[in-house]
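To keep things simple, chains are lettered A, B, C, D, E, F, G and H as they appear, and every chain counts its residues starting from 1.
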Amino acid sequence: LRKGFPEVIFCQGKTAGQVAQIFKKLCCGRRSILGTRATREVFEAVREIYPDAVYHELARTIVVYRGEPPAKKGKILVMSAGTADMPVAEEAAVTAEVMGNEVKKAYDVGVAGIHRLLDKLDLIRWADVIIVVAGMEGALASVVGGLADQPVIAVPTSVGYGASFNGLSALLCMLNSCASGVGVVNIDNGFGAAALANAITQMIARANT
Amino acid sequence: LRKGFPEVIFCQGKTAGQVAQIFKKLCCGRRSILGTRATREVFEAVREIYPDAVYHELARTIVVYRGEPPAKKGKILVMSAGTADMPVAEEAAVTAEVMGNEVKKAYDVGVAGIHRLLDKLDLIRWADVIIVVAGMEGALASVVGGLADQPVIAVPTSVGYGASFNGLSALLCMLNSCASGVGVVNIDNGFGAAALANAITQMIARANT
Amino acid sequence: LRKGFPEVIFCQGKTAGQVAQIFKKLCCGRRSILGTRATREVFEAVREIYPDAVYHELARTIVVYRGEPPAKKGKILVMSAGTADMPVAEEAAVTAEVMGNEVKKAYDVGVAGIHRLLDKLDLIRWADVIIVVAGMEGALASVVGGLADQPVIAVPTSVGYGASFNGLSALLCMLNSCASGVGVVNIDNGFGAAALANAITQMIARANT
Amino acid sequence: LRKGFPEVIFCQGKTAGQVAQIFKKLCCGRRSILGTRATREVFEAVREIYPDAVYHELARTIVVYRGEPPAKKGKILVMSAGTADMPVAEEAAVTAEVMGNEVKKAYDVGVAGIHRLLDKLDLIRWADVIIVVAGMEGALASVVGGLADQPVIAVPTSVGYGASFNGLSALLCMLNSCASGVGVVNIDNGFGAAALANAITQMIARANT
Amino acid sequence: LRKGFPEVIFCQGKTAGQVAQIFKKLCCGRRSILGTRATREVFEAVREIYPDAVYHELARTIVVYRGEPPAKKGKILVMSAGTADMPVAEEAAVTAEVMGNEVKKAYDVGVAGIHRLLDKLDLIRWADVIIVVAGMEGALASVVGGLADQPVIAVPTSVGYGASFNGLSALLCMLNSCASGVGVVNIDNGFGAAALANAITQMIARANT
Amino acid sequence: LRKGFPEVIFCQGKTAGQVAQIFKKLCCGRRSILGTRATREVFEAVREIYPDAVYHELARTIVVYRGEPPAKKGKILVMSAGTADMPVAEEAAVTAEVMGNEVKKAYDVGVAGIHRLLDKLDLIRWADVIIVVAGMEGALASVVGGLADQPVIAVPTSVGYGASFNGLSALLCMLNSCASGVGVVNIDNGFGAAALANAITQMIARANT
Amino acid sequence: LRKGFPEVIFCQGKTAGQVAQIFKKLCCGRRSILGTRATREVFEAVREIYPDAVYHELARTIVVYRGEPPAKKGKILVMSAGTADMPVAEEAAVTAEVMGNEVKKAYDVGVAGIHRLLDKLDLIRWADVIIVVAGMEGALASVVGGLADQPVIAVPTSVGYGASFNGLSALLCMLNSCASGVGVVNIDNGFGAAALANAITQMIARANT
Amino acid sequence: LRKGFPEVIFCQGKTAGQVAQIFKKLCCGRRSILGTRATREVFEAVREIYPDAVYHELARTIVVYRGEPPAKKGKILVMSAGTADMPVAEEAAVTAEVMGNEVKKAYDVGVAGIHRLLDKLDLIRWADVIIVVAGMEGALASVVGGLADQPVIAVPTSVGYGASFNGLSALLCMLNSCASGVGVVNIDNGFGAAALANAITQMIARANT
């Protein structure tokens, strides 16, 4: 059951010690372990237990790889609008990879400079599922949704100031999008977007076999 | 391009005459036409042009079937929590069918009576994609997301009163869901949920061939 | 003072009789009179006093032309995303014209189909000022702002449903736009957008002489 | 009057010195004293006055026991959805115990994994009153309310991120629940939930005698 | 199971015909039937099936009594602040009675005239549970909660204008109450308040036997 | 002009140096100077210039007395609900005194214990104007408004947690009050309440002469 | 007690018959009766009982004068920004007059044309208390507060559209005003503003005697 | 293309090192570079690369001047209401200057003291475009919009407390302004206001040649 799906630990709001304990309990499994929202301090504590644990600074993730690397189920493209949206985009990218997907990235392609986006049409065609991460330019999900026939998963981020209201503006913008084929996850939830994308590629992989 | 995808007309806020005109313009095509948010009055006007147009009262949809019925791309389950959520659920069901999917329904399975939901486990296993429609019980998306490995698309509805705030409560509840694999569309957007579900089954169908 | 600026009457929330009275009081002037948010019933009452009054159904405006037609001060392009945004767009267009500007229109160019927008690059280059009207696709202001160097005035509309929250979503989206050179007016305020655009073309005209 | 009800001090927003002073003033009483929202620093100050004061780290409570331990009035079950909801759940549990109730706990039983909840049916049947504490899974109150005939008190927590909006999402979700027999208290108000639960068990105890 | 609990039908948003059908389906039961949010038109349709159905105009409820009248489980006091809050208060009162409780009422006792409230102390002492219904004076729940040791169930109503924001103001006011022993239900949910009150009196009744 | 009205400096968001500079500039005047929202650090800087400056710790105010102490214009009662509301209440009290009023205080008289409030009826009768300061018990303004015929000025505070939403709950509660004769100022604006109270007593004083 | 204060009936949400009944019950009194929020239909019903009842169309008030006309207690100026704000301004004016005050009016003096406001300086100096009524130009309260030393009572109105959010915008604007001496009442609450103004003039009158 | 427009770097949320890197990459260009939202620490890092970089403390901007100083395109007046609004006003002023405009300033001219504003009429007449920056006195945009025929760009700031809700109050106030010719940008977005003003003066300059 849930083959190829790692154990997942949401580290935010827990102490380094608590997180390390939870990692330890899961230790004999043959599934990989993914920790999200992890500070470097949390990582240090985990590394004492799993010396081969890997930390992705920007994504704030810890991964302990176990078992055979899974066959790649599907092709997931992660796009983001601004530099500041990158941590959320990276969380999505790491998660998608750990779950067994081929991942490509197209960052800094905000709609205020539409040509940068149009340059990525090949990447868009390549993907099975597209994840769009944006804070100040929620509009990106709408434009990508219009360009692509594949399922698009939109992740609003809390990046911005003033009337961005911590991501509410991007969230509403993405929900109102006229482009069909777009689903939205919680603000800053890069993990959730990747989990949904993986649920999709898993169905595709199942069909392939 | 966009094979098996019907022409779609959003009828809300347009007069019967305007809608009929738009249906007329599309007339020579070989693709089916789907009208959403259509009143019976709008339907009457459309029927003058397409005597074979079909009206789904509850779903408020008009369908003019054209071309070969498409091979069924995938299996979509539409679930809803309360009786009053049915119009949105039906909009999703009709849309999913017109786009070429096999559709099953499990209505009135709110979480306040969890056993009614657990009775539907077979249906849940059957589906490629699950659409969950709920207003007063946004919780349903969370529970279904936990039971299913497949992609789940949640549609909050504006059903309810008081602190439901026209669907805002259900929307927030669905976005915060801890179950992974859940994406959300706009309040009352049954059409959008089906379009996203169809984007997914299309990828599955492509993998099958 | 305020040459070329018509007398303006906001008809909403006033009876047909009250509006007619206000039109009457302004009668001896040499400036044109513009009534906004006027129903046909209000227009009928006004026409009894000014038989040459002109009603624009969609824009819900009444115009009584007086004085010499003003020399065209500038070139204003009014763009809109959806069909349902047209009344607001037309209010802007009529206002801009009555104030003495050359007006062109590019409607139904939502970002979900970006090519329709890219087809309008000539029009965009033509304009001195661009007004962008959108409800469900607030994103349009962002994309146009990126394509154009001229001042862009964004008008959110209350068109949409669910999480559009009567225009709030479009408003926030437009305010957060990363494209520079975009200013926003109140939801559905086509008149205000045109008045601001006219304040700009007036400065340009002054420079020309 | 208010027999078995401890003196209660809300420590948040007061200095350690101020809290110690308030504890001191209450000293000759024969009722226990409960301090809520107390930091360890506050506790140190109180312990100087009452060396037998007890600190519950997670619950952030201080208790000074006085008088006879009250006979147990009723059976209160405290359930919580996520690990991060535990401080609020513990505040409820400590309060309920100090007020003279038998307390059992069922933590980490979120609805995204419904089987963990169904495993607790015996506990649910055992209780006179059930307190449900949840932040990201407000849905839990709804499901428990459907399973139980007893009064259910729901406590939304500010745990979560993004569209949880500091507990607003859980609050609205709990208020809209279709399950009957559910009352809601303020976000993070574990104390208030226990006080209401105790008001109920007190009526039960009165009936018993 | 759920002895003494009537079948309940939420009539709002259903046609007279639909409601009548639902009433019909439940017909052979030995439990009473309660319809809430019912218009007179809905009642007329139900009366064709159950000639002995009773309509409470103000409460907008329909009751079909069946089986033995249940022994009175407990004493429920329904208080309300203003005249306009009466429909919600009556919904609570009817529901509480049908569920087998002795009900007393104290209406029009808003806190702006505190003496009217203090005159009701005897009634307050009489009750096992108190339901407080208020729209413009959410404060009432707080004052009653302070006067009473019994559980208090607060029902905000959508009565008011301006900054009442359809009951949001009363809801927030009630949730922030400093009086302990107060739980809140959804805006205008008189039914839900009575159901919770009944869940409490049922526990008391069980203790009595 | 504005006799008896001190110079006022809003210190929040300014550095100690900047505030000291502003105090210095005003130095030759014969009017007193009042600094609000001042930290102790700011006070130290001001004292270097005015060694006789007085700091009120709780009120966070600095006063430099100059000129004759003004004759007392009126009697102002400052009431507050909770301990945590005291800083705002004290800001109001200091301001009212500096402006030349006789001030009395009744703190900690929340409505959850109505008898503490009723004990203050003499004070209420004594006052010309009453200022009511409350965060978690906005209800207090309503009850006092009902007891008093004099003008009541309500100050919501940001004290509280959860659904207090930083004072929004108290603000709305106070605005919806059914008691007539109540005006509201901004959240935490003790200064503003006293300034309005003083505007009233000034009119009274003028009538007296 | 409460000399010169009429009986007040809030007619909104009551049937013509109900209001007439309430008027009837108060009939033998020697105080005048004021009905607010009354439709013409309600007035017709009241006139059957009190043939001398007076209806103010715009203010939507009914007055039944009884007893000696009270000596004028004070001078109240009612200002309003826009034509559409007049009903609320008139409610305030009628209420203030019935309560025994001399009332003057300065309507249509919005800040967008500041000279119209500056023309009213004499009126502003004349008043004891100033009531400022505004929907789209909440700014007016701020400007008047700066010009006047007297107490200013601000009434936001629900007039406007789009981002006026039914008066919320004006309400917030008035609360944030930097001018001291301004208190705010509920949106559209002309009655409440006048009642507060009257509480002030009553204190002044008392000082005069 | 985009002649006279500097390269712009939004420094907020980036480390000193990251910002320095971005400045470096742009180094060979002949356009000036503007960094906004820069701390002093960020500036120090940039100065290591460009020793002639200029830091504006209050505006939090870094400018590296390159190429010929551009001919002044237009006259921009920056007005602000309170002292605390100055950082945003300075960001606008610096940006407008770097983009090649003549800039004048009128600070501390809030509407609560209208005469300070009326003293600036000459400056207002001088300008081609006016930028109005205000937090607690959003009203200022409305008054200036009424006094001036030129385009007015309003910038709400997050300055204030309580019901200012981090700039939301000022934003709404500015959007609802009745004065025509006013456009609004995001809260605290001084840069964006200047960019829009510059887009306008650029059109004027083009007309001049």
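One rule holds for everything that comes next: a contact is a pair of C-beta atoms (placed from the backbone, for glycine too) under 8 Å apart; a residue touches a chain by one contact, two chains touch by 3 or more.
A quick note: this is a predicted structure, and the numbers were derived from the prediction, not measured.
Under the contact definition, subunit G and subunit H share the contacting chains C, F.
Interface subunit A/subunit B: over half of the residue numbers present appear on both copies, so the contact uses mostly the same residues. When chain centres are set by their Cα atoms, the one at the greatest distance from subunit C is D.
Against reference pair C-H, the listed pairs A-B, A-D or G-H yield one interface repeat, A-B (criterion: more than half of contact pairs the same by residue number).
With respect to subunit A, maximal separation of chain centres occurs for G (centres as means of Cα atoms). Spacing of subunit A relative to subunit C, judged by their CA centroids, is 42 angstrom. Separation between the centroids of subunit D and subunit E, computed from CA atoms only, is 26 Å. A straight line joining the Cα centres of subunit A and subunit F is 51 Å long. Multi-chain contact residues of subunit F (touching two or more other chains) are listed as 162-164, 168, 171, 175-176, 186-187.
Pairs of chains meeting the touch criterion are A-B, A-C, A-D, A-H, B-C, B-D, B-E, C-G, C-H, D-E, D-F, E-F, E-G, F-G, F-H, G-H.
Contact residues on subunit H toward subunit C in their complex (touch as defined above): 2, 8, 128-129, 149-153, 171, 175-176, 180-187, 191-192, 195-196, 198-200, 202-205, 207-208. Those residues of subunit H lying in contact with subunit A across their complex are 12-14, 156, 158, 166-168, 171, 186-189. Those residues of subunit G whose C-beta lies close enough to touch subunit H in the complex are 81-82, 110-114, 118, 136-140, 142-143, 145-147, 160, 162-165, 168-173, 175-179. For subunit B in complex with subunit E, the touching residues are 83-84, 159, 161-164.
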